[in-house]
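Shared between the two complexes below is chain A, which pairs with chain B and chain C, respectively.
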Partner chain A sequence: MIKAVRIDERLIHGQVAMTWTKSLKLTGLVVASDEAANNDIQKMTLKMSAPSDVKVIIKNVDDAIKLLEDPRASQMNLMVLVPTVKDAVKVAKAFPTEVELMNVGNAGKMSGPSEEKVTLTKEVMLTQPELDSLKELVEIYPETVFQPTPAMEKHSAKAILSSH
Partner chain B sequence: MRKILIASHGKLASGLLSSIELLAGIKDGIVAIDAYVDDNDFEKELNQFIDSVSNEDEIFIFTDLFGGSVNQKITKRCLEEGLAANIISGMNLPVILEVLLAGEDLTKEGLNEIVQRSQQELTVNILEDLNLVAEEDEEEVFF
Partner chain C sequence: MYDAFVVALAVFVGVAGHEMFGMSMLSRPIVVAPLAGLLMGDIQTGLIIGASLEAIFMGVVNIGISSTAEPALAAGLATAFAIKMGGNVDAVIPIVFPLAVLGLQLLNMIFSFVCGPMATNFLKLAKEGDEKGIVKLHYVIWFVHYGLYALIPFFAVLFGANVVMTVLDSIPPVIMNGLTVAGNLLPAVGMAMLLRMLWSKNLAVWFFFGAVVMAYFELPLIAIAAIGTIIAIVMAQRDLQLKGMQASPAQQGQATTVSGNQEEEDFFQ
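So, the complex of A and B:
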């Protein structure tokens, strides 16, 4: 079962390992990232970062989608972590109704020049093409929320988009 | 309500609180005391914390060093006040986060488990031991 898809450029890190895994009672993290899947060192450090009772698998986005279609995936509580909005759209298109929570965590602060980006929240800044992807994502999942950790306030992506 | 006090010699306590806020997005119900950073000791801050809690609360107090003066003074005051506080010393970031994020009321056993897990967080990362599972086995290991 896909408990959540989360856009987070840091993929697995403290916020994910400590807060989301507990609050959603996750049993597995699926990292769907073309870049991470091709980087053995990053794969090692990501696997090291999850709590010992949560399984981790790192795949490129297409292979991650295939993995999520495996019937065994429905027996687990999974969070899918994608680094960009565009990747989230790809996952959302493959699973247009199955995702329980579409979550925007951290995006856009670590990559590319910031002058081309629009700051949406403290944690999220996006380029124009990514904003377009976000619109596409919200069309598939209108309940998409910006929320870094479960204890922090939720902000509707729809509302944020309408003010930009 | 769960009430947490983090106390240290110097600024470790407020530093931990800053990291907790960043990671968990919570700082309500958590007080940090940086002891001896000015000419006063921390009596006033400690009194404020003690006045703000009652035995209806779940009280967790984290201190830096077991037997250090911060720990001694807090333990003494809790005993004097008859306060049912759980005092955990040798604190680290994982133990505070785990207690903070533990869902239901924590039993003594639950707290002991958290402390044991957090002790294991003090670890040496042996890089040679970080091996990847062979690609073809990955899915079998995952499911």
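So, the complex of A and C:
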């Protein structure tokens, strides 16, 4: 069961490990990132940053989608972590109805601000192609929300997009 | 003046030491309040404040942006005010939560407006390859950050103690009683916040064990703490044993290259 797909350029960190795993009662985290899947050091640190009772697997986006199609995945409470909006669209296209929560966490801040980036919220800055991807994502999942941690306020992606 | 200085010192040792030694928990009220009490010559009030506040703030853990409060400032100020009011602990408990929230905001403001702009200096030093300079600047900012923060309790005690006392004295007893009752409930809130993070089905039995031992056996807290320590040690030893038993076969498994499928099997196990 895909409890949530979350766009978070930091993948697994405090917000995910401490708050989302608890509130969604997650049993597994699926990191779907082409970059992380090919980086052994990053794979190791990502596995270390998850709570010990939550399983972690790091795959490139295509393999992650294959993994999620495994019937055994429906027995688990999973959160899929993707680093970019584009990856989220890819996952959303593969699972157009199964995702219970489409969540935008952190994006575009690690590479620093630049002229071509649009600041949507304190946590999310996107370039024009990424904004187009977000529109595509909202078409598949109109309920997409911006929310860093479960305790923080939800903002509908639709509303944010229409005000930009 | 002396009081203001030592309270500022206690808060500085707490928050700065906490960061210096890698989140060593020195900024917890249970450390800061007795330290401030000791320096002010009333360690008992310090201990009582420290324990009461620790119960309230036990669940307050600041992770990235999900930060809620910085209790060291509140602990220092509460101790100073309580001692100045002749050991009146009940009166100051209700004011500590707003103080702790304010403390976090101020700490973050110093961080954003004083430490933040220093980032360019680090970049400059990095470009010059000046490693020593980076280390030095790191410690300077550490000192400035928490030194500025410690100035808040300094001035608060220097000018604020009398004001706080007058305000608290002028609150009618009816309202003060209400605040005291509310203050007594706060540890339950603190405990609840902690449990929200730590609750797990496997550990829940111990929670009820503690409640039973407390309510029916009427053991003092020290005895319960000692029993808890013994249980923790026994469990840790057993876990170590189990880990030792598991280690040998698991290592063999890892020796062969973990194929993608093996990884998936482990994930679904």
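Heads up, the rule we're going with is that the second predicted complex is superposed on the first by the 162 of 164 C-alpha atoms of A that agree within 3 Å, B and C clash if a C-alpha of one lies under 4 Å from a C-alpha of the other, contacts with A are read in each partner's own complex, and residues count from 1 in each chain.
One rule holds for everything that comes next: a residue touches a chain if its C-beta (ideal position, glycine included) is under 8 Å from a C-beta of that chain, and two chains touch if they have at least 3 such contacts.
Note that the structure is predicted; figures quoted are calculated from it, not measured.
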Taking chain A as the common reference for superposition, should the pair chain B and chain C be classed as clashing or as fitting? clash
Answer with first, second, both or neither: which of chain B and chain C does A:53 touch in the superposed model? second
Is A:108 in contact with chain B, with chain C, with both, or with neither (first, second, both, neither)? neither
Looking at A:83 after the superposition, I want to know if it touches chain B, chain C, both of them or none. Which is it: first, second, both, neither? neither
Which partner chains sit in contact with A:44 here, chain B, chain C, both or neither? Use first/second/both/neither. first
A:72 contacts which: chain B (first), chain C (second), both, neither? both
Location of chain C clashes with chain B - one stretch out of 129-137, 165-173, 237-245 or 255-263: 255-263
Same chain A residues contacting chain B and chain C, which ones? 14-15, 18-19, 22, 28, 55-57, 67, 70, 72-73, 75-76, 148-149, 151-152
Applying the document's contact rule, which stretches of chain C touch chain A when the two form their complex? 61, 63-66, 196-197, 200, 260, 263-264, 266-268
For chain A, which residues count as touching chain B in their complex? 14-15, 18-19, 22-23, 28, 40, 43-44, 47-48, 55-57, 67, 70, 72-73, 75-76, 148-152
Spell out the residues on chain B that touch chain A in their complex, using ranges where they run on. 23-26, 97, 101, 103, 125, 130, 132, 138-139, 141-143
Sort out for me which residues of chain A touch chain C in the complex. 13-15, 18-19, 22, 28, 53, 55-57, 63, 67, 70, 72-73, 75-76, 123, 148-149, 151-152
